[in-house]
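Look at the two complexes coming up: subunit A is in both, with subunit B in one and subunit C in the other.
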Partner chain A sequence: MTTKATTSRPDAADRGGDVRLTGIGKTYGSFTAVHPLDLTVEQGSFFALLGASGCGKTTTLRMIAGLEEPSSGTVHLGDQDVTALPPYKRPVNTVFQSYALFPHLDVHENVAFGLRRRGIKSVKKQVAEMLDLVQLGEQARKKPHQLSGGQQQRVAVARALINHPKVLLLDEPLGALDLKLRRRMQLELKRIQTEVGITFVHVTHDQEEAMTMADRVAVMNAGRVEQLGTPADLYENPRTTFVANFLGTSNLIEAEVDTRGGDDLVVRAAGGKLALPGARCSAPAKAGGKVLVGIRPEKISLTHADDAGSVPEGRNRVTGRIRSSSFIGVSTQYVVDCPACPEFEVYAQNIDRDPRLAPGADVVLHWDPAHTFGLDADQSVLAGTTGEAGIAEGGAA
Partner chain B sequence: MAFAASLVNWFKRNLVVVAGLLTLAYLLLPNVVVTVFSFNRPNGRFNYEWQQFSTDAWKDPCGVAGLCGSLSLSLQIALWATLCATALGTAIAFALVRYRFRARGAINSLIFLPMAMPEVVMAASLLTLFLNMGAQLGFWTILIAHIMFCLSFVVTAVKARVMSMDPRLEQAAQDLYAGPLQTFLRVTLPIAAPGIAAGALLAFALSFDDFIITNFNAGSTVTFPMFVWGSAQRGTPVQINVVGTAMFVVAVLFVLAAMAVGNRRNRRKA
Partner chain C sequence: MPTLTEAPPPPSPPAPEKKPPLRRGRWTPYWLLLPGVLWLIVFFAAPMIYQASTSVQTGSLEEGYKVTWHFATYWDALSEYWPQFLRSVAYAASATVLCLLLGYPLAYLIAFRAGRWRNLIMILVIAPFFTSFLIRTLAWKTILADGGPVVDVLNTLHVLDATGWLGWTSGDRVLATPLAVVCGLTYNFLPFMILPLYTSLERIDGRLHEAAGDLYAKPSTVFRKVTFPLSMPGVVSGTLLTFIPATGDYVNASLLGSADTGMIGNVIQSQFLRVLDYPTAAALSFILMAAILAMVTLYIRRSGTEDLV
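Moving on to the complex of A and B:
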């Protein structure tokens, strides 16, 4: 669970690369882009700000860079308060969305730009080393427009990294690349980060990207941090419906609390009873109160109704009828209609495929109660989903 | 028949080239005439009919009284007008694109006014203005007038370039430790340079051959276009063609040199 990159830290006592945001907020007139938030990014870690467009993640990043003036709060790098410093005096560099490479300079001069501005005369060796790190040694004399998207992206990374900033900010750096290249660059960036041990703050709207690359992720929604944690923690223990839906897919069932026995919570939903660990319920659960019960699609097993007797005791179970199934290769994705939840999604590994599990078949869905989580019922079930309603709800939340 | 068919085919394939060459010929024909007649030895005072090949005029370009003086004056005025209009116009263009201030919209439209107004009207009103101010007509009034009408063209050319500039480039420069001055010198100016150069060339050309506004506001000073006009009343010396041809050749050499420099730079970088 702990994925903090302790190995990449050159000096554990040096906290100069910590980013500390205290009560930082940004308003434009009457519109609040970022509600005052507190955030600490540890030195040497790979931190992701994840959210849909317009959630305030880029504004937050630009306030760290100094390109946006916060309406309130302070930015600290290590012990230094940099809130009042202009961008060119902050030991921070940015990889911009669409890279912002200088079109009139070649690759070498683009990368050397920061060194030259700080009055360093002999840049040749450093630039060559940096270009080797991003595997662009051959392209040093080309102009940016002569490079492919992936190469431009690497120039942008090299141009920022060569300055050995305390923090590297990445503003959707992979957004313009096609899917395959994006996957490769994710690994590449992760490799570079481990190699140089610099704090990375990465802004993205791609939840998979955030989870693959980051040690810690802050999920942002409508100018607020919804939840902060390791990717696994956010995925397994979402605390809001937005996080549950935005990171992967969740099946959410409206339920009523029945009893609380020991560590477990028993709820009633659509005539049946479901159990979940009390510790995994972020809602105040008293008997008779409403909760949303969540379960990830890949945690669920699917059994044909004829074999219902073979389902072991002690598992949560829900009955329904398969509406559709799609074969994805490694798995088959089913949509199941059940009284508890109209569109129950189930991902089944293609190990032993039961030919009876076709659309129209009656099935029993069952899973380990330990995989169940509980959420406050006072929020939209659709927040964070990609549909119309989800976006609208996400924006209004 | 086969020959005719193949000719038609050839024509079809090369239609664009043929059309391009014809258009080029249309553009260049006046220049050719000017050049050819610079080698004429006219019979009488007017250089309108081809008589005999001669290089007399080329050997003595200043042989006509007042020609070289007026040419040098025109070049000086064009140079200063270009410098001032380019500097001021670039500043205005940046202000209009980059800053939000009151009356920005109005200024944006007013900038076009000198371009849209009939030149002769502007010339007459300028004269009125200068006379009312008690200004001595001459070099300075011409220069002031030229800077004024060149400004609009420079602003328009530079504005187009600055508007298409990604503001993130300057943010990137700032992010890479360049202060405001360094950012301007190292990033903003080089990227805006093609627009500024286009504006400057336009200003030079406009100022050099302006006649109407100059004629109204020159007093007793004579610029090159005024000299040509004046001499055309009495006869056209061949030297006018010599100057015209020389200007054309200089411009072509200028373009060729720029292309050669660009090519060499590209080859070295590749």
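Moving on to the complex of A and C:
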């Protein structure tokens, strides 16, 4: 089957298999689960819908599958408008969150289900090949309840993939697995996707999962797509505080725009001045206006206050006092009390450890201005953080 | 923190016990079983043994009965009353099939479509139990009465011609015919079919329907390949709960039937209470029990429910 699937991989010009959502939205009574959104998933790509629970990502997926009827908008698969088609007539298949394997059928029959429904009589060879692909050839005659979670998950993938759908929809397929198995299945799914070249749309609340697996990620929040891009782009250039906090960790500093000189923007925060590239500021920056300045913890260097003179010129610098440090092997994570930002997080790689960097020590935090990004100050600083306040703020955003 | 083992951690060894377990603790389960065991001995085992001994006794009411191991009673009873046995099985089977045909759609509706009406419909299903079995059966006597509206309608539609030709009714009458008995049985045992069906349908994960639809199954195929197979435990227990008591029932046959529609329950009842031939009555009871046990075992084997989740 791999040959057939890989040859079906499109040229760059061929966009006949894209998933196009146009103005698609879903309301339940007065509650809007998904605000009308436009989204295009390129054929053959691994696309992730990322967001906290209740953000509308699963509803969006179910509207592509036909399991949920959109309140507005259309779904196109390639050139075909499938909005009005029932699920059983759509060339898409779903891997459900709890796998939804048929308990009365064995693994072989579960995988063969879709083929048989389409009237294919000789399924034996295809099923065997598919089970080999997901490394379950030995388990063909077992019932689902006799398998482990990871095996059930692979049966669910095989059952969907065997139909060569135009799009494979995955609804948090790894949520029920323990961490180590989840990591392995992420690689496995990625391998299968590369091998068969089918478009994958993957719904997850795990930002790490989305970033490691997907080519493109749409971050959803409260029924809207906050930002869409490659994982690196989303991580390096978040445009909202939600994305900045939901994907990894960001230190956000409230600041006031001072001057705009050339490509750089200079802002004042807690008595100091910070610079950032103007292009990396998604907020309108006029002198005197407020912005949020963000910096990722791993971009920051930590120098003891006694050595402050050794910090090169031209770097953004902030002073503070180490509140706590935790050693986690590859790096040490510090929380620093700063006037600019109450809980400044810094991840320092363990190359040369300075023994003076202990809680209570006065330090200078400094980083390359190019790594700084700017956000609109009209949003909650806590949106997208995992704390209770963050979720509440994120939901209201 | 992530666990570093893939397999679930092995069950932790039992905490070292400081004191040996109390002696009393070991017997607690048996003490708790005692009321149930006593109940079974008094109301099941003892009557069974008594009946078994009665069935092999000979004698008369005046001279008293003695155990003479007279197994010929069984053979005599069977050779005299086999038509009633067959009739019982046929009526009970018909009623069971009718119950399944009527009950399945209703159970399906309650489980999947009723929404906020679910509880109301469930109450309606159970409501007949608030009235005595006898009263409800007598009500059917009125419903099916000669010249009543039901019979009139059936007559006008020439349904009675067809059922009469099949031997289910005779002439212009429904009452005192096999049809009336089967109707009564169906009506009386319908809730016993619906309840287990509903329970097993309701337990089916709705996502399985979605998954089947997602895998190109039309709604009718979803039913054939997923819903119905998964409701088999309910079908099996529903048919058993209907068939077993219906086979031994005598109320419907005596109130709605005639001498020609007597079921084995009627024979046993009259042998015990009117003819006072206790050995024959006891033997018939045992034959009925054995026959039902055999049929049920065969049925469960065939339907393979032990294989279902």
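The rule is simple: the second predicted complex is superposed on the first by the 383 of 397 C-alpha atoms of A that agree within 3 Å, B and C clash if a C-alpha of one lies under 4 Å from a C-alpha of the other, contacts with A are read in each partner's own complex, and residues count from 1 in each chain.
By definition in this document, a residue touches a chain if its C-beta (ideal position, glycine included) is under 8 Å from a C-beta of that chain, and two chains touch if they have at least 3 such contacts.
Note that the structure is predicted; figures quoted are calculated from it, not measured.
After the overlay on subunit A, what do you see for subunit B versus subunit C, clash or fit?
Aligned on subunit A, subunit B and subunit C clash with each other.
Considering only touches as defined above, state whether A:Ala100 meets subunit B (first), subunit C (second), both or neither.
Both subunit B and subunit C are touched by A:Ala100.
Using the touch definition from the top, say if A:His145 reaches subunit B (first), subunit C (second), both or neither.
second
Looking at the overlay, does A:Pro284 come into contact with subunit B only (first), subunit C only (second), both, or neither?
It touches nothing on subunit B or subunit C.
Check whether A:Lys180 is in contact with subunit B, with subunit C, with both or with neither, and answer first, second, both or neither.
A:Lys180 sits against subunit C, while subunit B stays out of touch.
So which bits of subunit A does subunit B touch that subunit C touches too?
65-67, 86-89, 92-94, 96, 98, 100-104, 113-114, 117-118, 143, 159-160, 163
Please give the residue numbers of subunit C that touch subunit A in the complex, ascending.
2-6, 205, 207-208, 210-218, 221, 225-226, 229-230, 232, 308-309
Considering only the defined contacts, which subunit A positions touch subunit C in the complex?
So the residues of subunit A touching subunit C come out as 65-67, 86-89, 92-94, 96, 98, 100-104, 113-114, 117-118, 143, 145, 159-160, 163, 178-181.
Spell out the residues on subunit B that touch subunit A in their complex, using ranges where they run on.
166, 168-169, 171-179, 182-183, 186-187, 190-191, 193, 268-270
Can you name the residues of subunit A that touch subunit B in the complex?
Those residues of subunit A that touch subunit B are 65-67, 86-89, 92-94, 96-98, 100-104, 106, 113-114, 117-118, 141-143, 159-160, 163.
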